[in-house]
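This report refers to the structure that appears directly beneath it.
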């Protein structure tokens, strides 16, 4: 690909407007902090829940290579036809990075086929995210672990299909573990789920967290190829009459 | 488990009623032929599309260990709330065997999260189903391949998530290949997709095909354990104030 | 299978002879404690490093369905031809359960193709082994986690190929995580690696640990089928001259 | 990475010297044809069996990002210490592309831990290599299948561990199938096995085959990160005395 990758960062963008604590951390929204972390190697667009069509018009999606998704308290407000549209684009090759509470988004649940449920706790747990697949491009430049002084806890069992690749596992101070970095493929699309990023912590300013998201965007880039032919198929070889 | 496994065989049961050719092959319905192949090691119940609630009442599902699914021309007639019910039971541990054109059933698509699309052709292709994971219990007692003199062709790309285990790959006379035996885990449920079984061929009388289905039923049996706890979780260790 | 499964428990059996602390915990050897935990559903044989041919004669291996392996300080004393013999039997279908420090055994390393290295610490860490694949038969009857009051720590990165199925992940008091329950398939053989069991702790008396090992033995049982044909293969269809 | 990727192409280079038919197809050796197909986006070095240290000196390997391996009739002549060296470099991150009969090389067998055996036939079978994972970068720019008019047949069962990703499956005219494009991760190294390329056919001039190898080289590039720390590990958190 000779052009810059086109990334759309989708944020629910409610906590920041409604809660002063969150706004103090992310004054321009979580999406802005994530975008800042991506740097200028990619072309960035933003979309939020309250935009028309949630900012995810056909045109926007058709010109998006990788979509980043952060949502939490208003998953149910995302319209089903937009979910369908995003799902459809992923199957056709658009990359998708699902962050933190996005595990419960309609899009992620539809792609996974499971409840995507988990244990959680808001108690300032220390989190240590260990790399378990050190040769994977998504963890390039990341140390043996990422330490976050305080985060929301997510604990197993995490009800997802076994990931195609398990890249990171979190340790939590309160005694739990979690599969925190997971890749999936659905259709022609690549999906990466990355756990950290509760809205009350400055997680998306962490350099290692940013590095992971940056790497994931590059990894999730679509390949250039036609969508497969499905349906009735003529034989390529002669079939013997029976 | 000291009792017999309880298997429910679900069949759309329309082709057999509407088409004399199919009825000649499966006079009592495809479900009856599948049930006959299971033998008396398991307890069998039948359910069909035109039964009340498609035969899949709460009670029926709650007393089903493994559900076998054959559907084709009337996937859209399966009610969404029943699909939801079956999906829910799979996540809670019920095994699911999806046969042939069941790849396009609402239940399977919902569990997979993909289009489940494929190439197909009705042209009496010879099919040779090769075992690629010879140590797996589902292929116990099956030779190096199963040969079917004539079958409908299904060809790649088959739009499913990468299976947890790929057990069999089909060769078709007309020049195609297909991932024909695939296992998946969703929630606590085990799922097996098995390709052969077009309604115009006597495939479900084939001894090797029957052996695979029989093995798959045993493999897909639920484990005895509680459904995981999800939601708010108290710490198991003391968390330091920050 | 109508007969009892035949299990051989192999123990290095040196710590127990040389170290009074270990002997106090396992007076008859670690193998005896593991065997006791298996109960009488299976037929048990024992083999140790100092037996002739390490107790792993051709005859013994040929009549073993599942081999359990515990070794630690004398991996290098295991003769290469016996390693070859065990490796060969696994590829031909014998199940293999590798426990704790067996990760560094010649047999396991040869089957994995990696260094199998890891982090470790003997410091009485509390260990909590979380189930991450609750539908798997190996964790049947096990709760959401197994808690061990004190154990040796094993930490990531654990240099193994990505397991075919990841069943359990350990949390350690000192801040680490570890992929503690892993399945692999090699040839026709099923392999299960299970982390806990340092010789200075009474881990193999723990009821949940015993349950996992018991389940794993049943899971690893060989299937009844011929070893595949390899080598020169005549065509099954006519090939057109070119 | 801002520099060109450094690729070493290793060829046994015996058939071409000893057999006029092969020499007519690959006058400068199979390695030269493969190198030509890589183009000038990468920096290429060559190494052959009869070079000192088989051309795989410490220095050469330490400055190789991705190693391509073609060998067939003289696998046993590759010295064990060189095998050890290559194996070691793969675990430390060097990519490895194993072609065709390289499935039986000492290096590949050591990395896989299995026999790597298969069925084969030299009978001018038509081969059709179907893409089954269309979103993967290794198949970028490749059509739904690659057709080779005549090739050696390789058939299942192929005795490898289940690949981390199955990308391509071959159909053969004589009635067999084969998992032809397989990725594996071992240590920090990425491995790609690609089936086609018998010495008596001009396969490595095929544009699609070349595209796959070119893509695979980019995919297998090492990530920039330290080799993990293994061994005794100090606690990161305070452990309570017991």
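Letters A, B, C and D name the chains as they come in the text, with residue numbers starting at 1 for each one.
We take it that a contact is a pair of C-beta atoms (placed from the backbone, for glycine too) under 8 Å apart; a residue touches a chain by one contact, two chains touch by 3 or more.
Chain-to-protein mapping (UniProt): A, B, C, D = Trehalose utilization protein ThuA.
Since the model is a prediction, treat every value here as computed from it, not as a measurement.
Taking the mean of C-alpha positions as each chain's centre, the chain lying farthest from the centre of subunit C is A.
Remark: rotation between subunit A and subunit B after Cα superposition is 180° (nearest 5).
Rounded to whole angstrom units, the spacing between the C-alpha centres of subunit C and subunit D is 31.
If you average the Cα atoms of subunit A and of subunit C, the two centres end up 36 Å apart. Residue numbers of subunit B whose C-beta contacts span two or more other chains: 128, 133-134, 144, 155, 157, 162, 164-165, 173, 175-176, 185, 187, 228-229, 236-237.
If you check the complex, the residues on subunit A that touch subunit D are 93, 128, 133-137, 139-144, 164-165, 173, 185, 187-190, 222-226, 228-229, 236-237. Those residues of subunit B that touch subunit D in the complex are listed here as 128, 130-134, 144, 155-158, 162, 165-166, 169-172, 175-177, 179.
Subunit D makes touch with subunit C in their complex at residues 91, 110-115, 117-121, 123-126, 149-150, 153, 155, 157, 159, 161-162, 164, 173-176, 184-187, 228-237, 239-242.
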